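Shared between the two complexes below is chain A, which has chain B as its partner in the first and chain C in the second.
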Partner chain A sequence: MRTRWYALVAVAALAALAAGTLSPASGQNPIVVGASISQTGRLAVTATYVLQAYQLWVDDVNAKGGLLGRPVTLKVYDDKSDPGTGAKLYEKLIVDDKVDLVAGPYSTPVSAAASTVTEKYKKVMVAPMAAGDALWKRGYRYLIQTLTPSSLYYIGVVDLALERGLKTIAFMSEDSEALRVATPAAADLAQKKGLKVVHNEYFPRGTTDFSAMLMRIKALGADVLVCGCYEPESVLSVRQSKEIDYSPRLLFAGHGAAVPEFYKALGKDAEFVLASDHWDSRMKTPGNAEFVERFKKKYGREPNYHAAGTYGGMQVFEAGVRKAGSLDQDKIRQALGELDLVTIFGRYKVSETGGQIAKTSIIVQWQGGKKEILWPGETATAKAMLPAPPWAERR
Partner chain B sequence: MPRALLVGLVLAGVGAVPLVANNYVLSVLISLAMFTGLAYAWNIISGYTGYLSFGQVTFFGVGAYTAAILIIKLHVAWPLAALAGGVLAAFLSMPLGWIMLRLRGPYFAIGMLGLSRIAERIAFAWEPVTDGGRGLYLPPVLDLRAVYWAVVLVGAALVGITSLLDNSRFGLRLLAIREDEGGADNLGINTTLAKLQAFVLSAFFPGVLGGIYAWHVSYIDPVMAFATQVDLTAIVAVLLGGAGTVWGPLIGGVTLSLLAEFLWARFPFIHTALFGALVIATVLFLPKGLADAFRRRGWLAPGRAFLRRLAARQAPQEAAPE
Partner chain C sequence: MLWEPVLWGQLLIHGVMLGGLYGLLALGLNLVFGVMRVINFAHGELVMLGAFLTFWGYTALGLHPLVALPFSAAVLFGVGWALQRFLMERVLGGQPMAALLVTFGLSLIIINVGLLVFGADIRSIPLVSGSLRVAGFVIPKARGLAFLTAMALTVATVAFLRWTALGRAIRATAQHPEVAITCGVDVRRTRLVTFGLGAALGAAAGSLIMLILPMDPQSGSLLILKAFAVIIVGGLGSVAGGLLGALVLGIAEVFGSFFIATVFGEVMAYVLMLLVLLVRPAGLLGIAER
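For the complex of A and B:
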């Protein structure tokens, strides 16, 4: 019942928003961009960031004089967080509404269902929030990824370790599709660059006791510990390495360590811990600061990576259409295949399959209760505080 | 026989729709037929027997996963895979029904809800087979017409079966259980067997529909396969149309789907709220459903026509020996 209420509140909020933002386009014959967004259902709360980013992008494009000399409007339907409904809506957008461009829905499941429809009609779909690498192994041509691919999640850690002259590295990762890709990619790079991989182990999702694993790694004396972790495991692995008094000189605890809850749970023990993240509002990508400013002004809240990733994805789409110089889907697909640019979200370049190959995670470190960006270097906000002091020497 | 001719004409008409409709209309009709079919399946156990189930989606999900795995790993043709989904759902429903049908009233309803949640957890945890939360990707469906025909075929089969059920001793046994299970038992009805048969029947069809759904959407994950929403939509359709009747699920399913489609196109931002209000209104003012309202106005013949004819014919015979 509670989700029902959230849904109602979300619907009301969106209705209020829509009244203010869906203003009629200037001029005639606008380019219509169609998408389905989970405005109700279990994904609705996060999906509003996606919708708001779409709307902000439309505003910005129109302020610049539109696309191909025509104003842009957005046609959005609610997929109720249901992939089946999403597929139906993309049929409607393409067959019935005959929209000019198709943008992706919020979640991976809905993208999976919707991309089958867009592929059938040979419509390019830039799917800013679709994460599963499996989506790009289906042999589809018209689906474009702009989010970080899992193979590039952790590679920054290797660079940082080498910079500080560290010698050995140990991995322990959750057994999931993304980390089964992310971990070997980082381990391979480490090996290639002369960092010795002393341990590499996967644990099942939901593991709560890491002490045996950490004892083995401690015995090996690894300088660097990489935990391929999401939120609960990030906290637990750090806490337990302190309990057994294992002090890696560089402790990296995955995507789960980048959220504010991580610091709240660990307090001072979170200091010196490294984490990976898709995006940060201080990243020095072109236009990022302005994006954050405009988003805050328009919606009264901080954008998150969902908003930034969506906006960045649409910047890619926009560049593709401009480069193609027409709405011909095959020309746009070709342009998107050739493009290599930096959006507010980071770099964009895709392989033959449309899967992203250039966007990396950023690596951050908790310093004095704040996250500082360490890597990549051009976007850093602080120097790495490494090696981390042993637990015993901290206050 | 004019009746057979009418049925044939309707079927031919419904079957011919893909020859004229575009893919969007087809996708709307597919989901309409899908939910009407699920409503019919739910009607068998809950409408006739009175065992309100909030967990028939368990069998939908089992069917979806069975079909998806058969298609991906063994390259089974999708109609066969969907059928296999139904068969496995039916087999699974036997032990489950044997256990669950000991519960009555709200306990059964909540027990079934729990069962569907357990099924979802299993789909999450059993990664080697289900790929857990990542979900399973199926080859794309490029032709919606075959999907449409398959769903309509299942729907038509359900209408036929419900109509037979409504006019059979078996159907009467189920209704007797609904009205007074203890009384039915005293009259010599094997209530356990009758309930179990109804349960298996109402598990098989969601299994098949789940298989078709997985194929149609080309992706399946635990949340969508075992969504409580699927059950709720079927339940609302049956309540709106009329529980324990032949035409109730059809009337309810079609009305609801079209209404949802209409509201959603007109009022994109408040359609769910409007929809909820309409559901509340119908339950308050039409507790027996639209089928009953239609019947009272004489638009729809009373149910169990065959049994009524039988009863009417037997009356003079019984009078004779006197």
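For the complex of A and C:
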């Protein structure tokens, strides 16, 4: 009889302890984070990564005891991949639902539309999936960027070229808003550090024949070719370089060269090609490996940069709220402006406008059918195989 | 560095290879115009269909594009023949605008059905890569192969027009339909064959272009602009003029892209058209209508 009584007390005590560690804030009303995510429509496939990352972040925060001593819950609507609908939903979240914090939607256009609403109500919005520097040139105060800014897409290539003693560099870029920022930033840095820029040209979207441009770049003797491009130009620039027998010692083919389809399209010709990426599961940022593990365990698939970027963005938001010590939006904005930290996604630091200034792309290289991280050095997984051998010497 | 003779030779070779393809691209359009006096706005879409058939043969059946080419040309011959038989025959001889609008509508339909069936993805046949070195010049293998095939098909078409009864009938109908009838030419059948042949040549051109450059269902509308430029520069209805126009356009594009900018290469088609229309409206080898 006596033993059973002790056991009962022990179980009750354990239960209380467990409840305490899991949710010390139970009983308190939760902090509600509102967002609209494209759960249907053309953005839906990618946007599910964003939603899953939000949910994982909520789990993790609650496991740590919540935010400001209160549990966190998520309120999500479907914007149907439509910027106009997104804007209306943020109005609903703020005015009707009176959510405590708002997090960004997926994609730049939806973020752009939603930010007009959040700015109006002076609600801080950390928008983890908003690129495009123009969003931070509108004089808005409450929009915070955590994704790689375009100006830091390609700067790693310059470092790698200089490390190998290369002398001349040529740029060919798609005429798009982001690359009109990314390319000059890299070209300026190259010039400043002593690389000679021999060619810098923008081509309209949809161009398929680059051979004459590449013949010119070849004739000018560029050691480094930087193609500011996405699919399919990433593939075409490599294929057509080979076709005219132009062997740059360093061939960089932009974000489009980081996807598996790039290697599939080119096979062995993709070897030695460099690419830029926002994030990699092997990056040695604090907590990255654990994030990848937890994400895989919860959802049964590998996280991509959209998931990692969203999670990293929420880590920033969380740090901002903790630093502010309240849900006062202006205090949070102030704190976010002062923070300088490294999330699983990379470094975070914003300028006065709220635009990101510290997160860079990583530079990878295709080696033996796999992507190896070359830059930044502290997160590298392999040595750069540079200079690349001429086409004629490959088999 | 940019003024070496070898480099200029290299550019010239590149331009000629491109021009050879443009020639084949425009040949079908030119033939149909010669016989029917109708600009076939859907020619670019027939080119695209041919290219996608060859692509399908390559990916689904593992056929070499040059093996698949005759099949897709044959299929498109049938498509062209049927279009003429069931569609164009009804509008020819009436308002010239009607025939033009029919081909225009046809082009829109084919593009959108293409988008529905093939999707908007960009496809290519990356089978032949790399280059050969001939006398110090770099010859891209895929471009060389496409150029040689295009030239062979062009020569075969010219020979067909010159030395076969059907070819003579096509030329006769092009010159003067009424006189052709009095000479015993079955003009209606000639028109069917011509439209079929035009589509088949387009399909061949599309298949060869896909060896070099990627295409999507909307690429046809870009290609037909080049074909227009070629026949306007060379002279509407003139086969030899078309070839000359194609070479001029190919070379102008390569030099324009090289010395000015890639965007300018794309502008060349319009620049040449404008120049020719100003200076010699009938085209380089065209005969002015009286």
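Here, the second predicted complex is superposed on the first by the 368 of 395 C-alpha atoms of A that agree within 3 Å, B and C clash if a C-alpha of one lies under 4 Å from a C-alpha of the other, contacts with A are read in each partner's own complex, and residues count from 1 in each chain.
Criterion: a residue touches a chain if its C-beta (ideal position, glycine included) is under 8 Å from a C-beta of that chain, and two chains touch if they have at least 3 such contacts.
Keep in mind that this is a model prediction, so the values were computed, not measured.
Novice: Report clash or fit for the pair chain B and chain C bound to chain A in the combined superposed model.
Specialist: Chain B and chain C fit side by side in the superposed model.
Novice: Per the contact definition in the header, classify A:G132: touching chain B only (first), chain C only (second), both, or neither.
Specialist: First partner only.
Novice: Have a look at where A:A112 lands relative to chain B and chain C in the superposition and call it first, second, both or neither.
Specialist: In the superposed model, A:A112 contacts chain B only, not chain C.
Novice: Is A:V45 touching the first partner chain B, the second partner chain C, both, or neither of them?
Specialist: The answer is neither, since A:V45 touches no partner chain.
Novice: Applying the document's definition of touch, where does A:M215 land relative to chain B and chain C: first, second, both, or neither?
Specialist: The answer is second: A:M215 touches chain C but not chain B.
Novice: With both complexes superposed on chain A, which partner does A:L68 reach: first (chain B), second (chain C), both or neither?
Specialist: Neither: A:L68 stays clear of chain B and chain C.
Novice: Check the contacts made with chain A and report whether chain B or chain C touches more of its residues.
Specialist: Of chain B and chain C, the partner in contact with more residues of chain A is B.
Novice: Report, in whole Å, the shortest distance between any C-alpha atom of chain B and any C-alpha atom of chain C after the two complexes are superposed.
Specialist: Superposed on chain A, the two chains' closest C-alpha atoms are separated by 7 Å.
Novice: Residues on chain A in contact with chain B in one complex and with chain C in the other?
Specialist: Looking at chain A, the two contact sets are disjoint.
Novice: Quick check on the complex: what are the chain B residues that touch chain A?
Specialist: Residues 22-24, 26-28, 31, 127, 131-132, 134-135, 137, 140-142, 213, 216-219, 221, 223-224, 227, 229, 264, 268-273.
Novice: Which residues, counting only chain A, touch chain B once they are in their complex?
Specialist: The contact residues of chain A facing chain B are 7-8, 11, 14-15, 18, 39-40, 42, 76-78, 80, 82-85, 87-88, 91-92, 95-96, 108-109, 112-113, 116, 119-120, 132, 134-135, 138, 140, 175-177, 205.
Novice: Contact residues on chain A for chain C in the complex?
Specialist: Touching chain C: residues 201, 203-204, 207-213, 215-216, 219-221, 232, 236, 239, 242-245, 265-266, 269, 391 of chain A.
Novice: So in the complex, the part of chain C that touches chain A is made up of which residues?
Specialist: Contact set of chain C toward chain A: 1-2, 4, 7, 10-11, 14, 122, 124, 126, 129-131, 133, 138, 140-143, 212-214, 253-259, 261-263, 265-266.
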